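Next come two complexes, and both contain chain A; in the first it sits with chain B, in the second with chain C.
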Partner chain A sequence: MSSVSQFVASVNPTASADVGVRARLREIDESTRLPVLLFVGAALFWLLGGTFFALIASIKLHHPDFLGETEWLTFGIVRTVHLNTVIYGWASNAGIAVALWLMARLCRTKLHHGGILMVAMVFWNVGVLAGCLGIMAGDGLSIEWLEFPPYATPLLFLAYALTGVWCIITFRFRQSEHTYVSQWFLLAAFFWFPWIYSVAQIMLVIEPARGTIQALVNWWFAHNVLGLWFTPIGLAAAYYFIPKVLGKPIHSYYLSILGFWSLALFYNWAGVHHLIGGPVPAWVISAGTVASVMMVIPVIVTAINHHMTVVGSFAQVWRSPTLRFVVFGAMSYTLVSLQGSSMSLRTLNLHTHFTHYTVAHAHLGMYGFFTMIMFGSFYYILPRLLQKEWPSSMLISVHFWTASLGIILYFVGLSIGGLIQGMQMNNPDIPFLEVVANTIPYLVSRSVAGIIILVGHLAFTVSVVWMILKPRSPQETSPTLFRSPEAMPLRPST
Partner chain B sequence: MEWLFYLIAFIVALCITFTGAWALRWAVRQGQLSNLEEQSRSIFTEEEPEGRQSDFFPGRGGSSRRSRRQR
Partner chain C sequence: MNDDPKNPPPGPEDNDPRLEQGAVSDEGIQKIHAQLLREKEEPTEGFAPIPIFMLFLFSGVIFFAGVYIAQYSGGWDPLNYDERVGVAAVTDAPAAVDPLVLGRRLYTQQCVACHGANGQGVAGVFPPLVGTSWVVGAEERLIRVLLHGLVGEIEVLGNTYNANMPAFGPNGARWNDQQIAAVATFIRQEWGNDAPAIDPETVAEVRSATAGRTSAWTNDELEPYAN
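Up next is the complex of A and B:
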């Protein structure tokens, strides 16, 4: 009984001995070091795995015989494993790592109950591994974004619940007077994801709904994984790192709050636009289209805020690894969101549905926006956790240029190819196989983009491993490790 | 049995909606939505103060070379 009362006391901020005491940033960083590094390590593992599977799937689209004799390397499996490794492996691990560091810092409190996060990290990644192996073994479900076999999902849900509980405990222990807009986004994300995931599991896997309701629930879930899980975490990071690194407040804090509440109001209606032309009631589609267009409000608000904060400070952005990636991600967010709203209009959707244009759009969102912001966040967080500088400017530059040019090539190539594909598919005079053959040059450009992106991921991995293994310099002792280049001793050029 | 899951999903959706409304009410009553421009400075601390950039390329990065040339 005493252990129960001890636990209750440990999650009660009024019973805490250090109530009212704001922790120093360095103390907070030190307290979050192990769990954040574990999540980052897992994210990197899945990033590399997901990229290899992506490349195999991409090559198969223009060379179908490539690795075609191995059962678990057929396109249907490889593409599905890629999707799930990057969503649940890379992006979710990276998002949780950034979210928990941000939450501890913004609450100005040291990590409480870090063991919960360790257990969550192990459960989550064992669940993802079991899910991917299950898909390779042929147990995968034919539900987009929910392909993991049923035996893997309880682990994910348990891990997620633990992370959410930790988030609430940390918020209860906050020593900051104000709840910054990033905290709003993070708290909302930690509430929203278990909601959409559990409802989708119940209505699609445990007790499948009948008929087209399955498709409605499926796309409500799949779109909201982006909009109510990854988007809030990405925006939380952008709203923190852009003003933080520049050393000036966000352009209009009022607009940021407006952006949060309008996103909360409109986003979860929008997923239905994936079913335009499908056998669902027209009013449902119309409601989804209206919500998609209403999303222009939070997107414009966010765009004004991010970009007006950066205007006049481009030199500082260029000198910061964090901001290069985060600002690239913020620009991608504006572009991909406005593009998404336009794609929900029936007239444009007529040409883009079932084409590579949609694939390009999805990758601009998950890579150009979310992944780039995660990279930028890591460039800020890891030196503060490890108390070390990044080992090589060149590797950071290689990572930035390959990732940014790679995703630009990917997006431009597939968007053009997709539009041509859509227009040709709507022309009954063009045989379907001719339409397929006409997409091949654009699919090749995608594989080239994938190879470029892989180089960047390898450079980033080498940077992280090198940084962890290298000894700490005696100069690197301050809480903020990155100093102005003018204040640094010049190193001999090699 | 199917109706039971629809009912559960509907109740959960209602709970989420009311949680959002409650959060907005809490924010208003706690003064979280007042004096917003001053609150935007809450991310700065005495260790990482306003007016100071807090992230640079390490060592002699290409960008820092350029900034030195400009000076």
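Up next is the complex of A and C:
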């Protein structure tokens, strides 16, 4: 395969060795540098903040007295702040950073007026900060995933509008004739998010709908933040970085297109399965269940497409930090989505609803899938923006192993604990308090996993700060990989 | 379209005044941008066909979806919250409820806090349920207590108690006849008690006989029904 691509490169005048093409890439990267770096910096800040709040919330579940006398650190507030910092702080900032860079790269065009994106970044993060402080002050709304007080959301929406419009303008300036699958997902995400966010704001906060419609809109929104905002960005990054680093084409255009449209068609129905057993018309829930099961199609299609692209290059996946994180994320996507489909079936949902099993599932999605892909993307993007190499492959190793083992421990522990909890809650002979006490060992395992993950996040932060501060050296020309390049038969690009 | 390979159409970099062709091949720039020079081409797409087994998988998933939505649509009725309505097995005959199972569940939820897991109550505070005529004696008095509650002093097995028994009928927990009958039957047959079961019909009779009652009973009021 590689000899074929080398041959193609040797007869193609615009292929890799062409300095003009590379210089063009440099200009594109230059135009994205400041805005993307600012979004990355903000994302890192919220990542650390979100992890600290997560740990406090986790410890409180097995040691309720921990920080119990501080009013703004009670469980209800800490958990809410964790969720919002991670969703709107970490994941959205990281997603926007990666999306802007990918969009410019794939459109082969510069970002115009990057200053406006920096303004957007400031608005977005002031909004998130105001929202979190508002929640801590007790102004939070009691709507899950939309807890930010009403005075924070206009800032977010304005910032979002600037970013989204910029992404679409960049697409309109594209120099490439072909629209790559990552671009479909990015464009879709930038249209879908304002749709779900504004509908949810209008129907829940500004002009609240009545009765169970509220619950329906709430879960339609909360599920789609993951499904129509984070998932497309995560998949766009996976669809880009896997073939990019391997230097192979993505396996099948037909699978990509099937995966994209089936996701677009089914995902936004699926959120209703959160209301199984609730006072919602039976057919609505059944439709949600069916849509959740139909999600098997895009998931399997994406899994095959990624797997067939990677197949034969696993050694390279293992060596490249970017690929190891991204492929871990892609595998988690398959796992978490198939698990999600099964959880929407009433027979299993009967046991898993209102248990820690759901929490484990959510974290496999947001962390195992999305966050890991964002980490992998950063490992590729930052050397290009800073024109420096990662300072320490040891720190990258620490980051990978803590993050991956941490989320595996988290997921396995809470899934088992959640299933036991669900079985026992359905058994009327077991008093509720006994069920609660039985979950404690699993909650402790979650806190341990949280500490491991925190270590990884600190390692990653040190890596990034060190890389920004260290001087640029023209001598280093090879990427920082997991093993020294001399020991390798093939040199991957990063 | 210009297809002449010797005179390619001007690329975007040719029009960019900031980009001199001399500078881009400069060695220093190449070194600084090693990250760019070593990276692979922007990704492209292959055109492998969709594997045939996917077709079977999709057919299976779609078939399942069709059957599921047909089975559990609840007749597409916006007021129907129970997906099983319309499924033959459920509508034909509601599953028979074992009063002892239902009674034990209700007792564990509502009664156990005062009367204890063994029905022994709390000495001097809450009366026991084992071996007392209040439980295994007259049906009507027991049902009246459960429906409307009991206040004031009573004597149980030689000890005097003065606590508030809450109502579980229309003025309290709003249990239906089946629930009242189940919990009454449960306490009459548990812990060595061995009195006949109480039917929901008996509860319904007492309920209609005491309709309009809004306060709890006292010992004196229940005296006529003690036997």
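Just so it is clear, the second predicted complex is superposed on the first by the 453 of 494 C-alpha atoms of A that agree within 3 Å, B and C clash if a C-alpha of one lies under 4 Å from a C-alpha of the other, contacts with A are read in each partner's own complex, and residues count from 1 in each chain.
Here, a residue touches a chain if its C-beta (ideal position, glycine included) is under 8 Å from a C-beta of that chain, and two chains touch if they have at least 3 such contacts.
Because the structure is a prediction, the values reported are computed rather than measured.
When both complexes are superposed on chain A, chain B and chain C clash. Of the two partner chains placed by superposition, only chain B is touched by A:Trp195; chain C is not. Contact with chain B, but none with chain C, is seen for A:Trp318 once the two complexes are overlaid on the shared chain.
By the document's definition of touching, of the two partners only chain B reaches A:Met203; chain C does not. Touch criterion met: A:Asp29 reaches chain C, while chain B stays clear of it.
When the two complexes are overlaid on their common chain A, residue A:Ala137 makes contact with neither chain B nor chain C. Judged by the touch definition given at the top, the superposed model places A:Val301 against chain C, while chain B stays out of reach.
With both structures placed on the common chain, the touch criterion links A:Val465 to neither chain B nor chain C. Of the two partner chains placed by superposition, only chain C is touched by A:Pro279; chain B is not. Judged by the touch definition given at the top, the superposed model places A:Ile168 against neither chain B nor chain C. Clashing C-alpha atoms between chain C and chain B appear in just one of the listed stretches 41-49, 131-139, 149-157 or 185-193, and that stretch is 41-49. Comparing which residues of chain A touch chain B with which touch chain C, the overlap comprises 24-26, 106, 176, 178, 180, 240, 243-250, 253-254, 256, 389, 479, 493.
Residues of chain C touching chain A in their complex: 5, 8, 11-13, 16, 18-19, 21, 23-25, 28-51, 54, 57-58, 61-62, 64-65, 68-69, 72-83, 85, 104-105, 108-109. Interface of chain A with chain B (complex): residues 24-26, 106, 176-180, 191-192, 195, 198-199, 202-203, 206-207, 209-210, 240, 243-250, 253-254, 256-257, 261, 264, 315-316, 318-323, 379-380, 389-393, 396-397, 479-480, 482-486, 488, 490-491, 493.
By the touch rule above, chain B contacts chain A in their complex via residues 1-2, 5-6, 8-9, 12-13, 16, 19-20, 24, 27, 30, 32-33, 36-37, 39-45, 47-64, 67-68. Residues 9, 13, 15-16, 19-20, 22-27, 29, 105-106, 108, 175-176, 178, 180-182, 239-240, 243-256, 258, 279-283, 285-287, 289-290, 293-294, 296-297, 300-301, 304, 308, 346, 383-384, 387, 389, 428-429, 431, 472, 474, 476-479, 493-494 of chain A touch chain C in their complex.
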